[in-house]
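Take a look at the following structure, please.
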Amino acid sequence: MRNDGRQAADLRPVTIQRRFTSAAAGSVLLQAGGTMVLCTASVEEGVPPWKKAQQDLTGWVTGEYSMLPGSTSPRKRRDREKVDGRTTEIQRLIGRSLRSVVDMAALGPRTITIDCDVLQADGGTRTLCITGGFIALAEAVHSLSAVLTGGPVLTGSVAAVSVGIVGGVPLLDLDYSEDVRADVDFNVVMTGRGEFVEVQGTAERAPFTRDLLNQQLALAQSGIERLTQLQRGTLGTAWPANLGG
Amino acid sequence: MRNDGRQAADLRPVTIQRRFTSAAAGSVLLQAGGTMVLCTASVEEGVPPWKKAQQDLTGWVTGEYSMLPGSTSPRKRRDREKVDGRTTEIQRLIGRSLRSVVDMAALGPRTITIDCDVLQADGGTRTLCITGGFIALAEAVHSLSAVLTGGPVLTGSVAAVSVGIVGGVPLLDLDYSEDVRADVDFNVVMTGRGEFVEVQGTAERAPFTRDLLNQQLALAQSGIERLTQLQRGTLGTAWPANLGG
Amino acid sequence: MRNDGRQAADLRPVTIQRRFTSAAAGSVLLQAGGTMVLCTASVEEGVPPWKKAQQDLTGWVTGEYSMLPGSTSPRKRRDREKVDGRTTEIQRLIGRSLRSVVDMAALGPRTITIDCDVLQADGGTRTLCITGGFIALAEAVHSLSAVLTGGPVLTGSVAAVSVGIVGGVPLLDLDYSEDVRADVDFNVVMTGRGEFVEVQGTAERAPFTRDLLNQQLALAQSGIERLTQLQRGTLGTAWPANLGG
Amino acid sequence: MRNDGRQAADLRPVTIQRRFTSAAAGSVLLQAGGTMVLCTASVEEGVPPWKKAQQDLTGWVTGEYSMLPGSTSPRKRRDREKVDGRTTEIQRLIGRSLRSVVDMAALGPRTITIDCDVLQADGGTRTLCITGGFIALAEAVHSLSAVLTGGPVLTGSVAAVSVGIVGGVPLLDLDYSEDVRADVDFNVVMTGRGEFVEVQGTAERAPFTRDLLNQQLALAQSGIERLTQLQRGTLGTAWPANLGG
Amino acid sequence: MRNDGRQAADLRPVTIQRRFTSAAAGSVLLQAGGTMVLCTASVEEGVPPWKKAQQDLTGWVTGEYSMLPGSTSPRKRRDREKVDGRTTEIQRLIGRSLRSVVDMAALGPRTITIDCDVLQADGGTRTLCITGGFIALAEAVHSLSAVLTGGPVLTGSVAAVSVGIVGGVPLLDLDYSEDVRADVDFNVVMTGRGEFVEVQGTAERAPFTRDLLNQQLALAQSGIERLTQLQRGTLGTAWPANLGG
Amino acid sequence: MRNDGRQAADLRPVTIQRRFTSAAAGSVLLQAGGTMVLCTASVEEGVPPWKKAQQDLTGWVTGEYSMLPGSTSPRKRRDREKVDGRTTEIQRLIGRSLRSVVDMAALGPRTITIDCDVLQADGGTRTLCITGGFIALAEAVHSLSAVLTGGPVLTGSVAAVSVGIVGGVPLLDLDYSEDVRADVDFNVVMTGRGEFVEVQGTAERAPFTRDLLNQQLALAQSGIERLTQLQRGTLGTAWPANLGG
């Protein structure tokens, strides 16, 4: 049994507070165990300069990730002069994952930025940001429904979870204390239809076999199914109609 | 009457959620009308390099301020390559204000960083950060009571509020819609004993007379008295005993 | 008596050398005691990008502040990779103060930059820069009189001085040795008509009462009156005619 | 058949020039089709500051990656003011991959930096850098054999290859023209013993099924076996004796 | 006799590999003794922003210089956050030298960037980059001959060499071990017609007389004649026809 | 005849104001025609980090160069985020030139920084900075005479001047209007004994012959003789005794 009483295939308890703030078009506060993230989706008319230069007027979705300094102990310094490598990697992952379910032509010449700010960090922040980022994105898209008339913008839903091998045993949704002891660390992003969007596995301590890789993917798949249900329940009528019930 | 129904001398409704997060030694979520800030206080053993270089082993308290991108509409870009001038100015104000009530010798060789992150901005963010920053600071100092044996660390309490002149009328605690129309903008920081710590007044549109200056200071004084009571009520037994009831 | 023989309400001796250099449209070298600043005013056709983006073709006035490395002992490092917080704060103050007396519509689509370079620093540099900056600005505006035909550009004059409390006594125009011992440090900016533009008071060591605040403002007011006379005498026929004699 | 005549499971032709330069302890020029990289391994006594701060005197291996401006058409701008996100991601991958086969205690208090400079880019640069980086690393370790007496430093060999799905078909070792058309892009890093070190798969265009994931991993595995044989042949007596023949 | 057996007036052995890479329009690998540089010439349509702003549509040629980290022992850190002063100086020299033989009007609205990357450094890198840079430039210009119809682009050839005074004796083409012992260090750039383009002499240790200056210039002149012959031999039919045989 | 009435071999009129400021150990304001520079010499105990790392406790002299924004028309932007290439080049030249006459062992473990700030620019700023920098340096060394007891610190004097070819004619000490029309631009640094320290000649427009090179050096030599006399006259008893009268 795990130190918080979970079984190997259990997610941490999740609480979701939709519309936690109101300035941005989409906003959600997610907690999974001790990890707490605020995801907002801001809509701007126009496309990024590099798209403009190519005269490409389809839309764009991008993600930013940041940990508040007080989210960890000891305190984490702010990225104020340059962004550290881990942050860069995470926000590229968030952006790619969310873009994989967006029809940019249907979105049209506007940019949606998903800001994921970690208020408290206890493992699994990047995957929680993807799961929450989709909720904020869907809400923002829903808020634009009057102006988006070129067919469904969201072609799927997307959610993510971490898995890993701790003491030889594959575990779902590692908290920080498990993460630091893990031999292998996997982040898996999937659509609500059960297809893979991203698979990122790293042997932190010891290379791993094909068989252990398969066990971890199975755990991730079951966790993501449950997270997809939570997303749908939270969004209610803002859940994209074209994705079914 | 003001657009939210307040009188000239009314504060916006304030809600305070102490210990909103638990990683940092002090943590509080404050809302005043539409403005929402998260203040955390992180304690680190040791003093900043410039103090070390002077072999000064008394403590240090510093503040950082940041607006989350989704806190405003349109979205605010992150300060990731350089900190903008307004942010620099605000965090210097926060640090100075909080230090004015700290006995650094009693704090001893440790650094407390007050991080003020604005989750939503609707005017008066810098003053709300000082008011909330003191709560987080007091909580962090309280959590250190076993190790801080050199007498009271906090020699006073500190709170802040904005005042301004809108349409010729002095108003307390401007919201954003009032702030953009104000001819004069004052930020006032005072101790719980009614003394001034900082007075920063700027004629945004039109120079002002000595008489209007006096009226604004009187409004600020009354607002800060009420904020001091809220701080005391929130902190309960963590309110510094030496400051009386 | 003060260490240079002054009374509490005395300014330091001031010398002003108009047109010290000739490349810029306005140029003045000011000395107040041991503090020496060179203020130049450069005119550029066009407005800053952020104004252009708003299709706002009224003018702009901005200030920059810098201390030469040899202006102090020990030497001050140059701000070559990032501008320090104190510099940012000071140049924002200079810009705001000068803009408070400029009619941007009358200035039209041009930008005047007031560069304040401190050749020697002995306290009160920021206020001397405002007082000198106005002279350079007025000279530059005067040099444009043939092209500025939309009414008076300068709606007032502006000057500044520091006051503070040293050993319990309010003093006017602190030099460096007084400044480091001051309990309170005030910078006051006023128009030639006796109205306030900026009031910035900081309790460096001990919070202060309303009564001491009032005494300091009175000292500042009297000092600024004398500085205004010096500005007028220096500018001669370049003093804006609409401001009277 | 592919545009250069290869079958789906074929690697591009590889040429390896060991000791292309002589200033660094290890140096190798690798070409795979049109992609050409120079990998050097430089040894420095001492450990990075963050290890020193933890009084950890075991060794460290890190990687840096850069594309020469002339390596592509159009020319690629140099990363001279900040490192772009893709570069950061790649060099973190190179470092993690190589560290997975290094016994840091046996390496002792020294740092080996593997510099991977891309002289020409035609797809698969990051994986070729890992394959070549291991050769440079092994050569550098071999050159230290007189001073490294704490047992084998290299606990395995490591090599990498890309796979992807183009037009629905899984292909090994994509060149640039294939890469831009790929629906899925996988980078796989494995040890010479056939275990996984890193698996990074991204749905560039369309999410993919578990079955296609499996086919891609099988292709990668066969490619890496051949690359391991080339590494062994190139290194000759510098191949770590403890890894067998 | 010198430590590699050369006479005072001998160049180091030079090997030149034209078209070492093929992505850029011009590419050459040069070795002079232990120094190895890769020069590429990349052509971009359009002119730099500062030329565009002046509505100047004549062409531009610029140079960049960089040492790969593994080119020296100990390893050289990459210039990734700012370019060091020596690098800046060298690339300005390379650009000026190459531009001195280019007719920008004949080049028309395009920019050629000569990238000089040092793969191994053993003295004389900047002069070898100029000599090689001209080869890459001539090749790029030759590749454009179909579109460049406004007369000869190259009005001359250019090459460079270092000279210095070691132990009182003027020597041609210093290697690193000579360079560090030199009292005077001269870099000389000349055209193929024997005129000076740049003369940069520095007394590293002891000021020098007019007579020694003259002896050094004579040595440089003879070395550059031989380098010009090598450039011509390498370029073959790509040697500009207007420069004669 | 030149546009200000000078002959080809004439210097511009020079005025020198020693001890223009008093915070730094050495300070001089120099004017040559329309060019005006302030040179200060600041002494700090201790040596730069890179010398300390080598346990080298001999002294160090370095130079910094900057143009005030108001020194030219149009205004020059401040180097506040990065130093431009020209500035880097100039301050390296100033530092090397001054160091060529300093006995670092005699100076001992202290650093002298020569700050050269251009108050007005009309050509020849870098050479005037060297000539003035030597005066500030000599004054600072003189001020240290009580503590510098290891023999003469200054082994010579140093001065500099520009020469160039305008309209085919070699001219001494170009002003800005001549500089922009020059075909060749030479900066020459020499000791008071007539030896060369730096020779930097650039064909701005057309390569030049050996004969024209010789004529320019002769002009420079005669100009520097006169500047040396001015330095000696200005310094008076602060002129290093060991350099004779």
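In order of appearance the chains are A, B, C, D, E and F, and numbering begins at 1 in each one.
In this text, contacts are C-beta pairs under 8 Å (C-beta built on N, C-alpha and C of every residue); 3 or more make two chains touch, one makes a residue touch a chain.
Computed from a prediction, not measured in an experiment: that's the story for all the values here.
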{"item": "Length of the shortest touching-chain route, chain B through to chain E", "value": "3"}
{"item": "Those chains which touch chain F and also touch chain E", "value": "none"}
{"item": "C-F, D-E or A-D - pair sharing over half of the E-F contact pairs", "value": "A-D"}
{"item": "Result of counting contacting C-beta pairs for C-F and B-C, higher pair", "value": "C-F"}
{"item": "Equivalent-chain rotation between chain E and chain D, CA atoms, steps of 5 degrees", "value": "180"}
{"item": "Chain A-chain B separation of Cα centroids, rounded to whole Å", "value": "33"}
{"item": "Distance from chain F to chain A - Cα centre to Cα centre, in angstrom", "value": "60"}
{"item": "Distance from the mean Cα position of chain C to that of chain A, given in whole angstrom", "value": "51"}
{"item": "Residue list for chain D, restricted to those that touch at least two other chains", "value": "81-82"}
{"item": "Arrangement of touching chains [line / ring / star / complete / other]", "value": "ring"}
{"item": "Successive chains along the ring, chain A then chain D then the rest", "value": "A, D, E, F, C, B"}
{"item": "Chain C contact footprint on chain F (complex, rising order)", "value": "20-25, 27, 34, 36, 38, 40-42, 44, 64, 66, 68-75, 78-83, 113, 115, 117, 119-121"}
{"item": "Parts of chain A lying in touch with chain D, wherever the complex brings them together", "value": "82, 85, 88-89, 91-92, 96, 100, 156, 190-191, 193, 195-203, 207-210, 213, 217"}
